[in-house]
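Once you scroll down, you'll see the structures, which are given as structure tokens.
Look at the two complexes coming up: subunit A is in both, with subunit B in one and subunit C in the other.
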Partner chain A sequence: MTSTTHQHTASDLFAQALRYEHRANPYPYYEQLLRQPVIRMDDGTWLASGHREISLLLRDPRISADRLPPQHQRPIRKSLLVEDPPRHDQLRRLVTQQFVPRVMGMRDHIDALVTGLLDAHTSERAGQLDVVGDLAYPLPVTVICELLGVPREDESLFGSLARRLTRGLDPIDTQTEDEIRELQQARGELVEYLEGLIARHDATGGDDLLSGLMHSQEPDGPMDPVDLRVTLGLLLIAGHETTVNLIANGTLALLRHPDALARLRTDPDLATPLVEEVLRYDPPVQMSGRSTLADIDIAGTTIPKGSRVRLLLAAGNRDPQRFADPDRFVPDRPDNAHLGFGGGIHYCIGATLARAEAQIALTALARRLESPRLIADPPPYRENAILRGPERLPVSFTRLVPGAGEA
Partner chain B sequence: MNGPERIVVVGASLAGLRAAEALRDEGFDGELTLIGDEPYAPYDRPPLSKAVLSGWLPTDHTALPRARNIDARWLLGTPASGVDLRERRVALADGREVPYDRLLIATGTRARPWPRQQGGALHGVQVLRSRDDADRLRAALAAGPDRVLVIGAGFTGGEVASVCRDLDLDVTVTQRGSAPLLSALGGVIGSAVTGWYRDAGVDLRLGTTVQALEGEAGRLRRAALSDGTVVEAEVAVVAAGALANTEWLTGSGLAADARGVVCDDACRALADDGTPVADVYVAGDVARWPHPLYPGQLLRLDHWDNAVAQARTAAHNMIHGSREPRAHRALPAFWSNQFGVNLKCVGLPSLADRVVVTQGSLDERRFVAAYGQRGRLVAAVAVDSPRVLDGYAALIEAGAPFPPVLHASDGPDRLDALDAAFPRPAAGRSSTPSTPSVLSIPSAPSVLAGHE
Partner chain C sequence: MPTDSPPDARELRLVVDLNRCQSYGQCVYAAPDVFRFHGEEALEYDYAPDPRLRREVERATAACPVQAITLGRATEPAPLASEPVQ
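Here is the complex of A and B:
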């Protein structure tokens, strides 16, 4: 705390961290919150910011992924993101069986997509690129649509829905009434869209993930239409709204650390640890939520049964108890057990895909952009506090060299 | 820094390699020597009874990944034959002597062999511990024997039997106790495991021992069992526990026997009078030490995770132990893959008196079971639910009560704890930690939490 006259409470600090004017850099607030790794907020919810404490809570059998405390949970069909075992496990197994084999062996395809997206801007002269609009957004969106079997032409319709819906993940008191009303409407449109998509798929069949889920012969399958719709919505939104931030945040880190950028240009193997460091240093998903099924003693306090708990993943990633020099971007940081993909049974199902996309995209940017420079630092950010990232990332360059074999 | 100039590591497997890497990480820049009895660079053993045996992974692909360059002198293919603590020298079987300033003993264990006079020398009678064992056994299985006999239904026995069934080989497993994995996981979980064996089509003989292995022209033909039957088999895999590789320490003055080498929780070797021996450390499967979480006994673990963690602790203490000693208190943890399930365990189930299924169900073969000793949580086993186990590990380390209050979403409405049904009293196991702590440590009761 910089001021000795004003003692900030955890609730104040958290509210500050969420304010839009601090979107580009909420980390100083996280740093202050870290002084108490687990703390009760004024509204009775709990906030965990310590790396160890978040790691424990993510793996604790006394934790529910439903953000609503058990006494307030509603009997609606939940996605596997907020569902608990045993239903969570059944849904997750089905998705994993369909998702993982399809993701294996995709690197060449991702590479070709990245090459194509950048080729569109190849230039012998100085120019500009919006890394979000021209690469970080279209890449994962194309991949997830192909994987799932969503027609690419539906993307514009779907993309705007995804964007409106993810805003709904943010704490309710940061949203305006208009936003909440719009969210309800977007939910309805999404249901309608997905039901139509499923109906069309049922008629035509195919070998995409959606068809796989519909016709799974595995012990847990096939998925019924409601689970199918909920799961599909989750995967589509996750595919739209997370990897974009990973690639954009990674680009931002590289442009702010020219030494790392120069190393990546000559050493593509650096991409692997570097993307892990981006996931630690500036994670695309800043926080997650849980509720407690029993009293949990942790960090010298007791979170009572039935409490709502926020897990501030991005703060845990900067915990000095776990990471040496946590505010430094170290592209080859050893022993980097970051919380960027969460942990425990809800560990990001798309982690492998996201890693591949980010590694390939960042390597291509490093290799092909000559003298890249941030046009605005910080760049303009999106409203979203949880799925946080730049709205646009305009970058100038002196030359954008051709891809594939010519560099 | 006035540190050691020469460090010798005896044992060039997982613990030895990871200790050597950690020594360099800790800043040791002197002469580092690794001594190993096998001719191979350090390799990973868990795949031997799984991917290697099934023919999926060749043994020359089992080399352990190197975390860093250790700049060491390797003396491989030559076992150590003795140590002179006063002169600080390790003797090798080929007559060479290697002087040290600090010594790490990491010679591990070996499979307990079948007695020669009962057929142990017959062709076709095998153990599974080393690369060469795995190559031999894989070749024997690939030849398509009519039946394989597995002696012992511990972890290794179960993994071998499981691979045999995957290869569509008939297999008979004998088990002295009333269930597979009985000494490791107790009778409640053991009887669930019985179902895995039976459903896989294994001929499982419980409460049965092998009286003799019989051959013709030097080759195994059949086994006479204690139930009066005879099993025709061309291959027998002896999976009957492990012996510590400590013969080379006989007469050295160290507290070492077939159960292991005794050390303290800082990994310092103890002399047979119970006092620490200067500059000699122990890590890995061969170590027996007092774990702070399980007072009143000495632990010896045949666990991959323990070998790595203990190697790191030993390496730290070898370099910085006088200023900032570290205790080795990693929670025991191991895993096994057999009969299509992944089994993972934290803590020490064999200490427990009670067990309760806290998540999932035994019938679904997807569950977590918690083990309690006198009202305290001491272990948990997860079957096809590995990701939840860290949560239990934290509860065990925190000394949480048993049965644990979880209200897990996939748990039963009421936790009905059962007798864990471990065979008692068993030689060498302490079920009553009321043992006076004045016991000199080398003779304290011991717990073996091996893979048998």
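Here is the complex of A and C:
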């Protein structure tokens, strides 16, 4: 009976970790889950929390990215996020070819956007800033819109759609019936919006990513209208709902670790390893999902073929088998092979962009805010359990110095 | 490009453990002057990059998901690529 007690406990712990009242700090539950790096849950799904086990599963060819429950309605066309080779590789290659050249050399532009967003609040007197609403949200949204070729004015429309859709990623039993109904509606509205956008998009002009995908001369291109719409939706939502949490979680870590904040203020080179540590310590994407295409022997157990597996990335990032002192925020942590961007063939396509945005935003905050203080600790959190982060992050300061002269 | 830290004039020495490398390409994005893809998958890199590229190289080192890049100085013996951590 020992093993059933264990299984029961793991399911309970996972349910606890997902509860909204534990959103600000699910980590103590992850720590307990880590005692068994791979475990079967009461509902027949599997949970992997160990760093080594997650790393292995992410790279295992017997794993599929299709993570939908069997009873779930299948999408007409799968996005590359949930697609497997060879179709995944064709789609990803097309996106990478368009995405990477545009992201390279964007640092100066991101720097200018950050400067502009903070300039709007420059003050010689004490004041307040909502780091989410004033910086962490508008920055990645502006960047992704520019990159993709989506009008910034449409933000109020697809912003709320993105928000409703990402809530749909959370485990179904944590969502209310109203939320599920809303989700169906949001899916339809997004399809309509994206189809209109693609139709309106200047078929000849523009050097944005949407134009690039429409006219790709590569062997796998151009994308057909359905793939185009699905891919565009994925990039738009991913660009919307993840980097915001990286910047907000990073700000939160800095304000809770004033020594790290002081170091970043004088040493901009610290930004690089510091952002990696934020991705480990408090990752914007807490977990991912997969399914098994064959029986997989791992960690002394066998995950049967056809199982759904949750990969608890945020737990793997705190695995004491892999990281010394895992619950400590160490801004210059060496050998930081975190799982914050996933791994294997689905490794985050926007990683480079997200890193640049977070490095620049956090450095600017550290330099320009004098005596910053969290107004509420913990801050209010968003409902989402998987794409997890603060809803607002009000910070008080004694002065917000001008950005001019920034080197 | 920010150039606020004085460039470290000492020569850099770069080692990439190609057994660990999984072609994520993060180094290619972080330091395109030092790392590039040769064909579809094979990584090429400059083992003694210009010291002025130090910042980009450090970014590439931090960005590598499997920590396959080791950065040292030419005045020190070339670092051995470390074994995968278990």
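Following the convention adopted for this analysis, the second predicted complex is superposed on the first by the 385 of 407 C-alpha atoms of A that agree within 3 Å, B and C clash if a C-alpha of one lies under 4 Å from a C-alpha of the other, contacts with A are read in each partner's own complex, and residues count from 1 in each chain.
Assume contacts are C-beta pairs under 8 Å (C-beta built on N, C-alpha and C of every residue); 3 or more make two chains touch, one makes a residue touch a chain.
Small disclaimer: the values here were computed from a predicted structure and weren't measured.
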When subunit B and subunit C are modelled together on subunit A, clash or fit: clash
Partner chain(s) touched by A:295 [first = subunit B, second = subunit C, both, neither]: first
Touching partner for A:322 - first (subunit B), second (subunit C), both, neither: second
Partner chain in contact with A:64 - subunit B first, subunit C second, else both or neither: first
Which of subunit B and subunit C A:268 touches, first, second, both or neither: second
Most subunit A residues touched (candidates subunit B, subunit C): C
Which superposed partner A:305 touches (first subunit B, second subunit C, both, neither): first
Which superposed partner A:352 touches (first subunit B, second subunit C, both, neither): second
Partner chain(s) touched by A:336 [first = subunit B, second = subunit C, both, neither]: second
Partner chain in contact with A:107 - subunit B first, subunit C second, else both or neither: second
Shared subunit A contacts, counted only where both subunit B and subunit C touch the same residue: 59, 344, 347
Contact set on subunit A toward subunit C in their complex: 52, 59, 96, 100, 103-104, 107-108, 111, 268-269, 272-273, 276, 322, 335-337, 341, 343-344, 347, 351-352, 355, 406-407
Residues on subunit C engaged by subunit A in the complex (per definition of touch): 1-5, 22, 24-26, 29-30, 32, 55, 58-59, 62-63, 65-67, 82, 85-86
Subunit A - residues contacting subunit B, complex: 55-56, 59-64, 84-86, 89, 293-295, 297, 305, 344-345, 347
Complex interface listing, subunit B residues touching subunit A: 358-360, 366, 368, 385, 387-392, 394, 398, 405-411
